[in-house]
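Both of the next two complexes hold chain A, though its partner changes from chain B to chain C.
Then we have the complex of A and B:
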């Protein structure tokens, strides 16, 4: 185990050396920077975020403007990715879809990380019957067929709620048990450490112990889990929307842009309608996974010495 | 060991009960019921009420749940409302294609995943390792429905190598071995598509397991003894690297029967995945309940098998 920075300095000083200590952030950056895959993933991801955020300015046409005289046109100079079934510009919709798909992924993970961290922390710190109940509920959710659960939940949410909010909530709500298990495991091992004992001996309350002392020590695995979680959430959103149960048109998402490929005519004859959104999902998920892997390699304490 | 198994099974009973209660509540919370979903414009409200009475949907919810639970314990899964057939029959009819695809893709994943993972680990940080690692990541990053659609477009419609959907060629009345070959021919694409994701996750697992094992002392000892690299990798290291794979296999069990909803939907395969999707859309309560129970039992069983398998391949671990 690495010694705290201050100890290293003091020991060094006692022996008459001036000790240069690398901060945690520096160590992280030094390792992350060496990982070419992670950097490539970062670059692609930043590009995707840029074109999604900038969609209103760079999109060539209006998102929902349907020109019924120009239905299912193949790619041309005016419509680089052609037009869809009701004559909307496909490239424009692809750019706007990125906003929705990326946003749903990030917010869904924010939901699952919040619920999972809170419940996992309480379960791990308090223990006993509280722990038992929380983790049994997690077991129950994990034993459901995921997609069936998502479909059921998606149909329960009232249609008055915008479909992309509903999708975020539903994905976030079914994904917390994994996070809770992770945080609980971290807390169980942290609970035995001296600094926790010291904190408690000094009279710190449960809230303070959990949020000020223990959670900051579990941040590294949470960051990794959140990053990989966004990739998973984007995949889940695309699958749900593809089935017609996630984000609803006219709001475009990468997933619902593929729904029409279920008809033979579009699948066989109009590939410009469904291949681009499919590639976008793949590229986005791959880039985020690369970043997540890079973060894990850079943050994982087991790899400290390489 | 026997007591361990008994204890685990007993522990799983409250979880299974919890799942049935939650499924029941969620299913009832969905708007509509099986009869409103029939969408028959000629039907009157009085008819609907009568049908609900026949199906026992007018009883209070807790009574309905209790009736369902009692008949389940008597081994009766009930009647499907939308298919108008016993639930058990419907599931039995759809089990084979789903299990075939599930096991097939798992085998593809196991064989190719282990192979790629081992090669990656042995040749770590070389070009081939990079290719396999990036390939494995691509495998788990690609949406299955997109891969399925691409496969249909290019391998089925384009090249004509495989049928694009369904389980049998319509109008084909082939004698014995050929009808089975026809079904197998239909199952190739969905199995391959699911297999790709499986290869990806397996290869990543095996690679990191192998890297762990290859840096252990006993591998260094084996090298010092002058054993050939082949013996070291395949006889000494691989065996230990595969231990976590046993867990992964156990955890994949529910997926095999849970059915790949999306894949079956894309390829129009009449399997359990597509059935469970239809069950939800049609609010077919008995069928929804049966699907979730089946999946949950497989999850519990898979977890148990994973733990037992782990103890079996790794004698250092004991359960008592």
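Then we have the complex of A and C:
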């Protein structure tokens, strides 16, 4: 006779056995696992990370070695993706570019999530004029066309700072308002929940209220927004680098590899110079978005845990 | 605020109900002319254009060890009263004395310490427990906040508390979503008990529960009261629930206390027509009696608390209303024996319910 899982656990507990507790993590994983798209996205993403991190070991050539006798060669055995305008191996540069592009994406999001969460949490919890000031600043940043703001910021950063660090900082800085709005919205709704009131009735201080009660209940949308943000940041980095303001050569990124291919002659006749980085951006962004969607579905508290 | 109390009768209710015949030691909470107005804002500049008078001059007291029931329709201000007494909401006016100290004058730190003495049990057992914390963390949190117990000692206390409320100690490591509504409410009760409070405000603690579970939770609350000498302010809209648990009952209507009396006195001889109407709405579990009895059905809706009627607030729906009711606000007066009522027609002969 089969008993429902709940009963089995209940009976086990009554008899004093150690009963397995289903934690949030486990519930999440059970739901996430069923989403094939998200799993595929995860696999692709892990693969991209692996080949980028492993670039120094798997790349067939030296990243910056230019052989001027082998300019813009089409794909061959020696150079599977051909060579670029100054005779560097394209595959090698593509692998190294992944390191920069993925890193910029992750770090930029880490920056924007940190700033945005902190400011959004304070705005939502404290309210009043503090909220007003923070959100008006956020509105101002949001009201500028993103690219214009990025271009201005990118051009005033001193050249002494390595270009990829500058790019991370700039992208992170312009994208925190979205996160702040999200967190503030969550906090405003959480503030009315009874367990938050219970916390106040116990005499919990501001720190405890924010970090124990409210933030843990806002992580689901934050994780989703962070994941999707990485995809956005990779695209933004590409756009910036494409405009010549992001990651500077000789450091390769998928974006500046595209810039280098930006002539009519190359576009028409040398597709191996621009198709691979374009595909990498496309695949990476797609994979991350699929993971993000999967996370959103798995973390949605409105779905009954089944 | 916008409107001042004008009639001499109303001004008199501003005084504390605790007369000379009461021993101050006996009174745990004394609420005096409590008011809570919520601003209504409008227009582009969000100017304040009015106030919702959720609680508008309520006075009562709670004796040590008793259960004071607070009933009324939704929107009458009973929940707000409970929240303001715990200072979870800031009052507009009035005093709440807890063991003689006005809690509205406490500093932030003093208030934090005072929170050990008064706790709350919430209506919705699904919303009142943090879904991301284990039961052990939820019940142990007040102990940590007030530096009473940590680590193993905290866990020991939590286990004790779980057993006190009829759960078992192995539930500690589980999350709220793994429990039923009744069990969750027990967790909420354990959390409220953790600090050994003197007063617990029970804000409709059984309204969200299945009827079969309601009595279990009510009995638990009664047992705990005996065991720990607790004082309850029990807020509910269900008179039969309140009758079951209360020593005295206060009836609220539109931000005012309209009647306050011992439980049996109130049921035997309700003096306010609103109380009478409420009592007549309690179903009697005997079809013969139920069919024969006369029900008082009120007409119309509760007026808006933003713009309450002049005079007696109940006159728009009152079957007994006289011209004076439209003009003069009735005084909240003691008819003797601690039976207070705010009605011009009182005292009068009324037959209430003795059954049930």
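Criterion: the second predicted complex is superposed on the first by the 282 of 306 C-alpha atoms of A that agree within 3 Å, B and C clash if a C-alpha of one lies under 4 Å from a C-alpha of the other, contacts with A are read in each partner's own complex, and residues count from 1 in each chain.
Keep in mind that, in the parts below, a residue touches a chain if its C-beta (ideal position, glycine included) is under 8 Å from a C-beta of that chain, and two chains touch if they have at least 3 such contacts.
Since the model is a prediction, treat every value here as computed from it, not as a measurement.
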item	value
Chain B versus chain C as contact partner of A:46, first or second or both or neither	neither
First, second, both or neither for A:37, with chain B first and chain C second	first
Contacts of A:198 with chain B and chain C, given as first, second, both or neither	second
Partner chain(s) touched by A:217 [first = chain B, second = chain C, both, neither]	second
First, second, both or neither for A:161, with chain B first and chain C second	neither
Superposition-derived comparison: chain B or chain C, residues of chain A touched	B
First, second, both or neither for A:71, with chain B first and chain C second	neither
Contacts of A:130 with chain B and chain C, given as first, second, both or neither	neither
Sites on chain C touched by chain A in the complex	86, 88, 111-113, 115-116, 119-120, 122-124, 127-133, 141-142, 145-146, 168, 170, 173-175, 177-178, 188, 191, 195
Contact footprint of chain A on chain B as seen in their complex	14-16, 18-19, 22-23, 26-27, 29-31, 133-134, 137-138, 140-146, 149-150, 152-153, 157, 164, 254, 258, 261-262, 265-266, 276-277, 280-281, 288, 291-292, 295-296, 299-300
Residue ranges of chain A in contact with chain B within the complex	37, 136-137, 139-140, 142-145, 147-149, 151-153, 155-156, 231, 235, 238-239, 242-243, 255, 258, 261-262, 264, 267-268, 271, 274-275, 278, 281-282, 285-286, 289-290, 293
Residues of chain A defined as touching chain C within the complex	13, 19, 21-24, 193-195, 197-205, 208, 212-213, 216-217, 301, 305
